[in-house]
Each structure stands twice: as structure tokens, then as C-alpha cells.
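One structure, as C-alpha cells, below. Some questions next.
Read from first to last, the chains carry the letters A, B, C, D, E and F; within each, the first residue is number 1.
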Amino acid sequence: MSTLGLIEYQDSSPEVRAVYDDIMATRKTDWINNLWKAIANDPVTLKRTWESIKQIMGPGALDPLTKELIYVAVSVANNCNYCIASHTAAAAKKGMTPEMFKELQAVIGMAAETNKLVTGYRVEIDPQFALPFGTTK
Amino acid sequence: MSTLGLIEYQDSSPEVRAVYDDIMATRKTDWINNLWKAIANDPVTLKRTWESIKQIMGPGALDPLTKELIYVAVSVANNCNYCIASHTAAAAKKGMTPEMFKELQAVIGMAAETNKLVTGYRVEIDPQFALPFGTTK
Amino acid sequence: MSTLGLIEYQDSSPEVRAVYDDIMATRKTDWINNLWKAIANDPVTLKRTWESIKQIMGPGALDPLTKELIYVAVSVANNCNYCIASHTAAAAKKGMTPEMFKELQAVIGMAAETNKLVTGYRVEIDPQFALPFGTTK
Amino acid sequence: MSTLGLIEYQDSSPEVRAVYDDIMATRKTDWINNLWKAIANDPVTLKRTWESIKQIMGPGALDPLTKELIYVAVSVANNCNYCIASHTAAAAKKGMTPEMFKELQAVIGMAAETNKLVTGYRVEIDPQFALPFGTTK
Amino acid sequence: MSTLGLIEYQDSSPEVRAVYDDIMATRKTDWINNLWKAIANDPVTLKRTWESIKQIMGPGALDPLTKELIYVAVSVANNCNYCIASHTAAAAKKGMTPEMFKELQAVIGMAAETNKLVTGYRVEIDPQFALPFGTTK
Amino acid sequence: MSTLGLIEYQDSSPEVRAVYDDIMATRKTDWINNLWKAIANDPVTLKRTWESIKQIMGPGALDPLTKELIYVAVSVANNCNYCIASHTAAAAKKGMTPEMFKELQAVIGMAAETNKLVTGYRVEIDPQFALPFGTTK
């Protein structure tokens, strides 16, 4: 289900199909998940979103698994059940063990708690935390 | 500043001071940041929060730097400016480079965007994402 | 379903029925959606909420369709699935085309992303943005 | 201020400068606001974000002012003070009058209130709201 | 400061002044806080908001102090610094002691943490929690 | 359902069972709700979370029912459907009447609305709200 319906591979335009093919090739899977089928109703958004994801989630200074853990953390903080499901599965596929999963959830919960203590007590930022990388502007 | 004021080391009770000493010893620093000085008005919360943080943020299946990155990600998602400042500094101290910082922010932003696309399009969870670790209940 | 059950038209008090009748007359429909049937358990809240909605969502400097698009945007940002469903339908009824829907979602997603980039990078507000309408206080 | 400092025009690389020039030309201004100067520390993110914004916020099925109103609404819902300031200014520049501003805020507030009533009362989605555009999948 | 400036008592229209007078009489104070001066730019919103607040926050099945504690809790959860400041002050005026304040913050923090554990672990609602007041619809 | 499955009483380790027994004894019930069965996959988190909840939610300067109302309010603000269901039931068990429930929801909704008005209008905190308890630091 999705507000505009889902665009299945066999019904897709060449423009959409090219993105679908790249998703499957990049992720080494033979299926497309519903997020892409939903936004394929808007091929410009489909292409931009996929290319952004591909650029951002690839290896870099952070490895792909760490990036997936961060993605899950943001999705939990933002209450996106679809994204929690899809990125928990993606993280598991990239090597997240149950032990990692449990620690990830504990950190997310702890952060949520101290986020609120700081906010409720109206704590001012320490000058020592001003700029972590030695910049002066 | 903080709603109940800040408890400075020299003014603290033995109970609070013991936590302060453990914070400084564990973190190898010689100062206490405002979060702790604020919640020290409630020594039970101070002790519980510190012991939870110490337990959760130590090494485990995830290394301490990865945990700090996740902490920053949740704090950004939750808009906690104090926590963003303090945990960005903590992550930098544990080895986060500017390159890692930039990739972290890119992932957070991307996740926030797809979280909303999925929500706005009302995308249903694919059955393939049901249970990532092979459980059957 | 709803925590206190739903108050159906035929079971409603005259006070509630008057609101129901006004909702149907104003919206030119012959049914009442669940939000109203749920809060009808609290007739004071029902009346206040309906009168506020009626006042706010009517034509003004912004046309009713634009207001519905804004309502959908806030509901997506706030993760209210019920409100996303009901106000997406309301917007469609007031003239939102699939093309408008897609652009709406793209803007919501983009805003969510830059909201987080700004927060994570801790960007200070430019003095040029202080007061957009030339006020001086 | 920003965690990695701000990249000023005169200090920017050709890659960054090209984006800055396009921002100023597209927006018909002679200055760059801090968001861009902050993320210019990550030229890939700068370019991707600007190109996405440019694509999304241009005229389409929704006019640019309506898009700015939606951007403000999401930023208020997400508590992004920087984005509220910058996009309120952008909306004013594109024609938002004080009357429109007031109605915008009233809709945002009202949506936030009913979002919570629905959530707290645990209201189920009416079957009538399933799919607003007549799709069947 | 406020986007449209603040409407001071001596500059207010009779319509706005009547609301200001009622606020001061109801609250037994001799000044008006900035929220009201800001939305007084939109007298219809000023009147509706004040009348709603007055209706909702007065004594009922819940006493006024309990309502203020709930207001603070929601404001902390929603990161509204202005509302945290104003309603913490209002709660203190209505009898919130520092001890109550500390327990309030501890509950808010704890709830935020378990909210995230439940979301991240994707926990299904127990059938026992379906309907707390014995309703059958 | 839960990502790692649910740990039933009869399948639990002595460590987990001790927590389960304490939950049932403290709450005077004969069953364990899914939150605990889910996080029992991580016995350290189970024990820490339960001990924190037990410490925080017991009687103190605020009575247990008031604490439950606050818990529900935060859970509604944070959109945690599981927690809304479980803590609404817990509050009902501790004496929340339908009248209290309705007033609770009205306050939550109202707070959400003014939270947004203040944020959208960019209202500055009145100096009178600086420190409600007469602290000077």
C-alpha cells in the first residue's frame, strides 16, 4: 500500500527501471522494496533519492555498517517504523550481530533520556564544548 | 545556568562528589560538565544516570567511538543542542575526524529525508523486513 | 477503535449532534470521521476543536487547499498517521493533484534533511534573517 | 559559528565557489547564508544539497511561495530555529504577507493539537481515508 | 523579539486589551508574557488561544498544578524552550516544589528512554492493553 | 513480535526470571508485558531499565498516578503507541477516571499547539521566567 500505489518492475518506465536495476545491482538483491516502488510515482524524486543514498551510504571515512547503525538510530529517534524495519534488516545483512543490535538500542534509549534531562533542567552549554575541531570562526 | 542551579565540586555532598570523582577518573578529565552539575541537585538521578551511561557507553560489541557517533545522531534527531555540543566533543576526543563528522551529518540528514518520504507516502512494510535475525515469534 | 470508544451519530447527545451536523454541513459530507467520534466523549473538547478548525481552515489570506497542504506537512513531520490519511484525503478533495502531492512530499523531505544539517553542524542564524517584516522590536 | 567553521567566498575552492555563484544567481542575492558556508566544508554535500533544493523549490505544480510556506511549516514542526528564520525570510521575499504568516502559524498550531488528540485517544483510520487518489494497490 | 514584534499593553486595541486584562485578572499578575504579546498581532488567534487555555487549565478532574506538570512534560518532550521556561515558572507558582520538579524530570527522561526501546525493538502491543476503560467499540 | 523475539517466563534464565518475578510482585499482576519480554534478550538492559522504572515511578513528592499521567503525556508527545497503550492502562489501574483521561488529552493537545505558536513566532523568553526557584547561578 501507498497513497499513489506501488510501481512494479514490470510496469515501470525505462527511466524508473534504470534506477531499479541500479538498486538491485548495487545491493546485490533481486527485489525492490516498497519505498522505491512508492516514490517511483515521482521519477525525479526516485532518481535523486537513490543517487543521494548511494553516494552517502557507500564506504568512506565511516564503514557501511556504521552508517547503517546511524541510519537505524535516526529512524528510531524519528519513529519511522518502515525505516526501522528496512535499515535494521540492512544492518543485519552488513554484519550487525544481535549483540550490536542490543547495544545500539541501549545507546539510543540512553541518549533520548539525557536529551530530555538536559532540556528539562535547562542546562547551558559549557564553553569547553564550543568548537571541537580547533576552528576559530 | 540551570533551573535549580549548578552544584560545584567544592559545594558537593560526599555522595555527589563520589560520582564526580568517578566521572573524572573514567573520562580522564579534570572537570565536570554542566549536565552533571545540574542533575546533582537530585543525587539519586545523578548516580543512576552516570552508572547507566558508564555501563552503556563502555566498550562492547560496538566500540566507544561508534557509540558516540550514534549518541550524536540521536541528539541531532532530537534537537538537543547541549547534547550535540557535548557528544560531538566527546566523539572528537575518541577519534572522530572531520571527515567522519561530515559523513555522520550526511547520513543523519539523508535518514531524516527518507523517514519523511516513507511517512508521507504511507508506505507499508515489506514482509521481507519482518524479522531480521531469524526469530519466529 | 479509540480508548473511550466512538460516539455514533444515533447515540449522540443534542450537544454533540449539533457539532456533527455542523461538520457535515460545512464539509458537505454525510458522515463523521473517527477523530470527532472519539473526542465526542468530551463534548467541550469536541466543540472547541471543531470551532477552532472551522475558523482556522476557512478561506483567508491563504486559500483552503494551501492550508490543507500545510496541515499534511505538519502531520507528516509529526508522524501522525491518522492525520496524514485524513488530511491527504481532504487536500485531494479540495483540488490537490497527484503532481501537487509529489511536490509536497519532496519539500517535506528536503526540509527535514536541511533541518538536520543545520542542527548537526550547529549553524548560527545570520543577522540578515532577524526580522523579516521590518519590525524593530 | 559552526562546528567546522564557515567557508567564506574569498576562501572557497573553485568547486565550492561555483555552487555559491549559482546560489546567488538563482536567488538574485549578493550574499551566501551560513547554512551553505557550514556545509561547504563538505563540498559533495554542498553540491548535492543545493542541487536538490534548486530542483525541489522551483516552480512546478505548486508555486514557489506555497513551497516556502510548507518549508516553514516543517521547520516549525521540527523545531529548527535556523530554518524557521531563513525560510520565513525567504517566504516574505516571495510574497508572504503578515496576514499569510499569521494564518500559516495558526494552521501549524492547530495541526499539532489535533495530531496529539488523535494519538492520545488512539483513533483508528477510517476506511474512507485509505487511498485518496483512487489507486487500488 | 518576535517575527512580527510584540504588542505592548499601551499600544493594544480594545479587543487585545480585553484579553490582556482577562489574562492578568485570571492569573493574578500585573504583566503579560511575550507569547501573548506576539500572537496579539493576530487578535483572533490571541482570543481563541487564551480562551482555550483558560478553559483547559482551570480546575477539573485534574487540579491546576497537575495540569501544569503535564504541560511542562509535553513542552520538554517537544523541545519548546520558551514553554519550558514559562510553564516551569507557572508550576512553581502553583506549588511545584524542587522535589516535585526533580521527580517530574526523572519521569520525562525515563519515558523518553522506554519510548525508544519499544520503538527500536519493534514491540507489539499486548492484547491486554487494548482498551483500558472497558469499552467494547 | 519483536526484532529479537520475546523471552517467555518459562524460557527465561534465572537472571531474567528474577526481574520478571519482581515486576509481577511490585505491580501485583500475574503476567509480563511485551516490553520486558523484548528487552529480556539483553538482560543487563532489562535489569537496569526495570530498576530505574521502579525507583522513578514509586511514590515520592509526586504520587504514582500523577507520574503515570506524565508518562502518558510524554509518550503521546513522542508518538510511542505501545507506551501510550501500556501507560494509559497503568494509569487507569492507578485510578485515572475517564474524566481525568479527557483532561489529560486536552492539556497535551493545548501544549502542543502553544509550543508551535511560540516556535513559529520566534518568541523570546521573558526575563521573569529565568529561574523559577530563586537560584542565582
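One rule holds for everything that comes next: a contact is a pair of C-beta atoms (placed from the backbone, for glycine too) under 8 Å apart; a residue touches a chain by one contact, two chains touch by 3 or more.
Not measured: the values here are computed from a predicted model.
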Task = Using the contact definition stated above, find the chains touching both subunit B and subunit C.
result = A, D, E, F
Per Cα centroids, the chain farthest from subunit A = E
Query = Same or different for subunit C and subunit F, when you check if over half of the residue numbers at their contact belong to both copies?
reply = different
Query = How far is the middle of subunit A from the middle of subunit F, if each middle is the mean of its Cα atoms, in Å?
reply = 27
Request  = Between subunit C and subunit E, tell me the centre distance in angstrom, where each centre is the average of that chain's C-alpha atoms.
outcome  = 20
Separation of subunit D from subunit F, taking each centre as the mean of its C-alpha atoms, in whole Å = 34
Task = Mind pulling the residue numbers of subunit F that touch at least two other chains?
result = 1-4, 39, 45, 49, 52, 76-81, 85, 88, 98, 101-102, 104-106, 108-110, 112-115, 117, 119-122, 130, 132-133
Remark   = Listed in rising order, the residues of subunit A that touch subunit F in the complex are 79, 88, 98, 101-102, 105-106, 109
Complex contact set, residues of subunit A against subunit D = 1-6, 44, 48, 52, 55, 130-133, 135-137
Task = Would you mind writing out the residues of subunit C in touch with subunit D in their complex?
result = 1-4, 31, 33-35, 38-39, 45, 49, 52-53, 56-57, 60-62, 66-67, 69-71, 73-78, 80-83, 85-89, 91-93, 97-104, 106-108, 110-115, 117-126, 128-130, 132-133
Query = Where on subunit F does subunit A make contact in their complex?
reply = 3-4, 39, 41-42, 45, 49, 78-80
Sites on subunit E touched by subunit A in the complex = 72, 76-77, 79, 81, 84-85, 88, 104-105, 108-110, 112-117, 119-122
